[in-house]
Amino acid sequence: MPIKVGIIGYGTIGKRVADAVRLQKDMKLIGVTAHCYNYKIHAAHTLGIPIYEIDDGVEAENHLSKYPSESLKDNGIKPAGKFEDLLDNVDVVVDATPKNIADKYKEQFYKPKKIKAIFEGGEKHSIAECSFVAQCNYEEAVGKEFIRVVSCNTTGLCRTLHAVNQAYGIESVHATMVRRAADPWDIYHGPINAIVPVLELPSHHGPDVRTVLHGLEIFTTAMSVPTTIMHVHSIIADVKKEASVKDIVELFNDTTRIRTVKNTERVRSTAEIMEFARDIGRLRGDMPEICVWEEAIGIHKKKLFYLQAIHQESNVVPENIDAIRASMGFKDGVKSIKMTNESLGIK
Amino acid sequence: MPIKVGIIGYGTIGKRVADAVRLQKDMKLIGVTAHCYNYKIHAAHTLGIPIYEIDDGVEAENHLSKYPSESLKDNGIKPAGKFEDLLDNVDVVVDATPKNIADKYKEQFYKPKKIKAIFEGGEKHSIAECSFVAQCNYEEAVGKEFIRVVSCNTTGLCRTLHAVNQAYGIESVHATMVRRAADPWDIYHGPINAIVPVLELPSHHGPDVRTVLHGLEIFTTAMSVPTTIMHVHSIIADVKKEASVKDIVELFNDTTRIRTVKNTERVRSTAEIMEFARDIGRLRGDMPEICVWEEAIGIHKKKLFYLQAIHQESNVVPENIDAIRASMGFKDGVKSIKMTNESLGIK
Amino acid sequence: MPIKVGIIGYGTIGKRVADAVRLQKDMKLIGVTAHCYNYKIHAAHTLGIPIYEIDDGVEAENHLSKYPSESLKDNGIKPAGKFEDLLDNVDVVVDATPKNIADKYKEQFYKPKKIKAIFEGGEKHSIAECSFVAQCNYEEAVGKEFIRVVSCNTTGLCRTLHAVNQAYGIESVHATMVRRAADPWDIYHGPINAIVPVLELPSHHGPDVRTVLHGLEIFTTAMSVPTTIMHVHSIIADVKKEASVKDIVELFNDTTRIRTVKNTERVRSTAEIMEFARDIGRLRGDMPEICVWEEAIGIHKKKLFYLQAIHQESNVVPENIDAIRASMGFKDGVKSIKMTNESLGIK
Amino acid sequence: MPIKVGIIGYGTIGKRVADAVRLQKDMKLIGVTAHCYNYKIHAAHTLGIPIYEIDDGVEAENHLSKYPSESLKDNGIKPAGKFEDLLDNVDVVVDATPKNIADKYKEQFYKPKKIKAIFEGGEKHSIAECSFVAQCNYEEAVGKEFIRVVSCNTTGLCRTLHAVNQAYGIESVHATMVRRAADPWDIYHGPINAIVPVLELPSHHGPDVRTVLHGLEIFTTAMSVPTTIMHVHSIIADVKKEASVKDIVELFNDTTRIRTVKNTERVRSTAEIMEFARDIGRLRGDMPEICVWEEAIGIHKKKLFYLQAIHQESNVVPENIDAIRASMGFKDGVKSIKMTNESLGIK
């Protein structure tokens, strides 16, 4: 019998996880929640996804509160039920709600109803029993009630650093994270023409990586730049065992959910990575793999340098699928990753 | 027997027309051309599209000439033949080459080999026997050797103005075209932080519209702005017969390849139109329909105002498909449009 | 005796008007207000401008409320007094406060204390006895208690349309306003990569122009684009009397606070206008003149087309200075404009 | 007798150095060169700067070659003479020509005419007898014929790293340089919406820093982002002697041409640094000091992290002035720096 999944919060992550759940043979998407009519819900309805009404007023994002009269019914969408009805019919929820909601829902609904829940990286580590990146610590999550998929940046750092650490050992790492300032649909946030340092020291990303890669010594610096499509990380790792550039290229090529890209293929920027994802027919043009530029891998003695690009909208989507399986007691992480990858066309 | 189609030039338009040809029951994609290995060709190869080598050096775009050693064979792609081999096997080509090439190819290859050819809007009107927007002048193109699909901007103007003109009559039109400065993949062109007026008066767009909508009095002003995803046109038409906003909304809703969008659905910008296209599963996130904002349609006496968004990468794709059929003598324009629309999921 | 001026609100407009007041021989800047320490206040202090504390908590802009402990004193600035002290020492205030404050201050302070006040274009027409653009309706404002300088966009429209109307007569006008989405310092507002139509019909700009150019038939359409430095207006005017392009160039060259710019001087964009302003040594790189591209002026029978660029940060600054004089009963508008222009190096 | 200075190349750097020369008591600007009429030359003429014609056709930048008929005379500018006339009247030139010209001019003109020359960072180290950052190696340059002022990025790295190295010793450094993709006036270069890694390993910036800070172990990674106003460097230095954050703040505050900025002053981004420079009345809104965010300085054991912003248009301007003095045999570097700083209002 397939795992019955509900998606709470139908934004950038929620809608992608919903699509991915629908592609899994061992899962069934019971429904998603909506608090008002909008183009995203219209699209979901068109795809035949059941919509459950949620009307506590909490979920409304800042700028989405302007048209309070926009009910689903007035726009031709018959809800499949209320939020609670959805909860009564699922084994597990993926909670992709905006900040400051998940914790309340966990206490008020998921716990009493004994529903398993997958949380996202915007929530604190303490909301769940473990933080999660499938290829790093799948086994830690098996059978847990509450699992937290870490943020897109942390997931990206964990994937490549875990591979390097396993193969060559890491003394310490510094990463400068150059972040896209807003998602493509988000017309509200700037900057339009500036670089904005994240003035938080130590950055929360180092500690966040350690919730998955326990004990790794890592420091991070972050800034936002006026682009919408991908983050780029500049990583310097002091490794314990010497490697050649060719070794590192092979290591990344042999590691799941990492993709090397090349300037000589004309993939010279984040824009061309996104274009490539569109060209190979990826749904929504997504690129869940971490992309490392081959020509930007450098080694000086035991210092390893590389640049990686992170598609912030999609790289955690396969992690959510694996986390669902882990929560339901599916023990074989390698197999789960393989199933997820095949369903999504991921390398 | 299906129409045998070759695509010459595999860039923004070429690759999309190739995909669209593959979706037509009455057409067969014989192959596309490539002058060097790159991610686009890699993607085409992955999809099983035959690649024909073209090696005259002319086709290389500015910034793509840096890696001359990048042969197809060195990258595991066995070409299906040479450019001329492709020409020998097709009924019609879609020439989506960069500027200044199509004319040469027409004289040197297409004419002597008696191959029909569809040209794009970057070429002059005089390259073909007629300029073309399917819903405006399909019948003019039936059986022609050479047809020119007009540019994305001209196509967008023609679609909505033709509808208005048919229903209410147009005295004269002024359009201010606010153009995306570069396509999403194009990292070479600016501006990054400026508005750049197109200082060409009279603009070429007015005359270009008249190659399709013969005799229409139209003036245009254009400028480029730092965005990559869509053009927006601000249109003012002096109409002959009074209409209400509701009339115009209905007119556009009843016209093919036009879509009204609404602020109350949260489609408040070009970014959200693109997101919606991704959400409904469009290949590459394309939106070939011209999108008109319902809330931006205004009428004062016999002056009609509206704002429309143009997806420059894809709106001419269905036109190319219809032009192929027209060139091959398929007489029923309405049926061709219907076939094309259904294959592409267009309204 | 010089006119004693106080500036309430020290943001984009306030700080520029303060600088301009300091350059007038017939005015004296008594002081500006500050609600917390920041780099703008630091700069004012460095220039020797007296700072008056305002602590009602209302003035705090959204994003400036994060460091409540940042007092002036802790940062080495001794306030010259409180807000009310400033009011007790001035003849006239320029109220450049954020929205929703001016009305309250007017009733609570300016009226009871019988202080004249100049308001800005973000306020409604009804806040003042007249709306104002010096070269259009100076005489209307002479001796008024409360004058409203209209917004940067309205000021730009009024300056050129008034000149055209005086010389050739205007039947009706349509303007498409392509607006910079945020000021250069503003890192909070987007869009980063989209065009955002202003879905308000009829736009408020038409009626706003009529508060100055009474009875002018004008319709406007607006959108925001991802740039920070200038607005661009695409204007089409149906004129009563025919003119040549040369006539219009001469008209604009002969009109104060309008400047024609030329592509052949390499001024091809808003960026190059701003660079030119920096090159000629303008304070803060300001360009208060409306800039019209010579090559973009077009005429077809009695239709006049042109493109103009508006420096949103500075074009209303000279208007504020003239409004101060008008409010104090200075009767000669032409002389006031001349005095202001000379002090600011404006053509 | 003042040093007679000529400026060859009147672009972003040339025009600023010309202004700075005019502010020095011990220098006299003899003139600048122009190859055609444009707004920059118009501004120079307005300021009374003598213009010398240069007509070899080499200097024309890509996009500036469109109006070949634009002579100076046709636009009311009487040249003071030819390029060679300028050379005959100067002691030293600052060669701020586009790439690939300086070397030719050096051999053809400067050497035979025995004119001292200051070159810019776009040229190779080998063009001059030494590369130069005043506060690092002034004495090396005293009396040299040819001195190369290093690039804006290298200058920025040298200023802060030299201070840290002198005070605490540096084992090795890694810098990630996030570069503005184009200057504010430059509407030609992108990207508009992408991050573009500089795929050159090892980067040339490490070796370039070593031309000034001999022997420093430094590795660099670089990328371009869609902004026009400043570069940001993320720096990690392994230091020999432990320091506290307070120590580093004091070190930078005590070092010339470095400025610490603070989030609590609302200087949260490169945009607000530029706004601050405008507010304090800097010519063209320049900020030649390297700006380090206090809140972004971090220390973990002997690892020092910081973020610095570089105003690419102006930070090398004071270096050019000091290099002129050094070339003419002025021996006291500290005094030269002081004179330059005072004239430009630099801390």
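Each chain carries a letter (A, B, C and D) given by its place in the written order, and its residues are counted from 1.
Everything that follows uses one rule, which is that contacts are C-beta pairs under 8 Å (C-beta built on N, C-alpha and C of every residue); 3 or more make two chains touch, one makes a residue touch a chain.
No experiment lies behind these values; they were computed from the predicted model shown.
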Lowest number of touching-chain links that must be crossed from chain A to chain D: 1
Far-end chain from chain A, centres as C-alpha averages: C
A-B compared against A-C, more contacting pairs: A-B
Rounded Å distance between chain A and chain B, as computed from the means of their C-alpha atoms: 35
Mean-CA-position distance for chain C and chain A (Å): 46
Contacts with two or more other chains, residues of chain D listed in rising order: 184, 186-187, 191-194, 196, 226-228, 268-269, 271-272
Complex contact set, residues of chain A against chain D: 174, 176, 178, 180, 191, 193-197, 199, 201-202, 219, 221, 223, 225-230, 232, 234, 236, 263, 268-272, 293, 295-298, 300, 303, 305, 307, 309
Chain C-touching residues of chain D, taken from the complex the two chains share: 15, 37-40, 42-44, 46-47, 64, 67, 70, 75, 184-187, 192-193, 228, 264-269, 271-272, 274-276, 278-281, 283-285
In the complex, chain A residues that touch chain C: 181-182, 184, 186-194, 196, 226-228
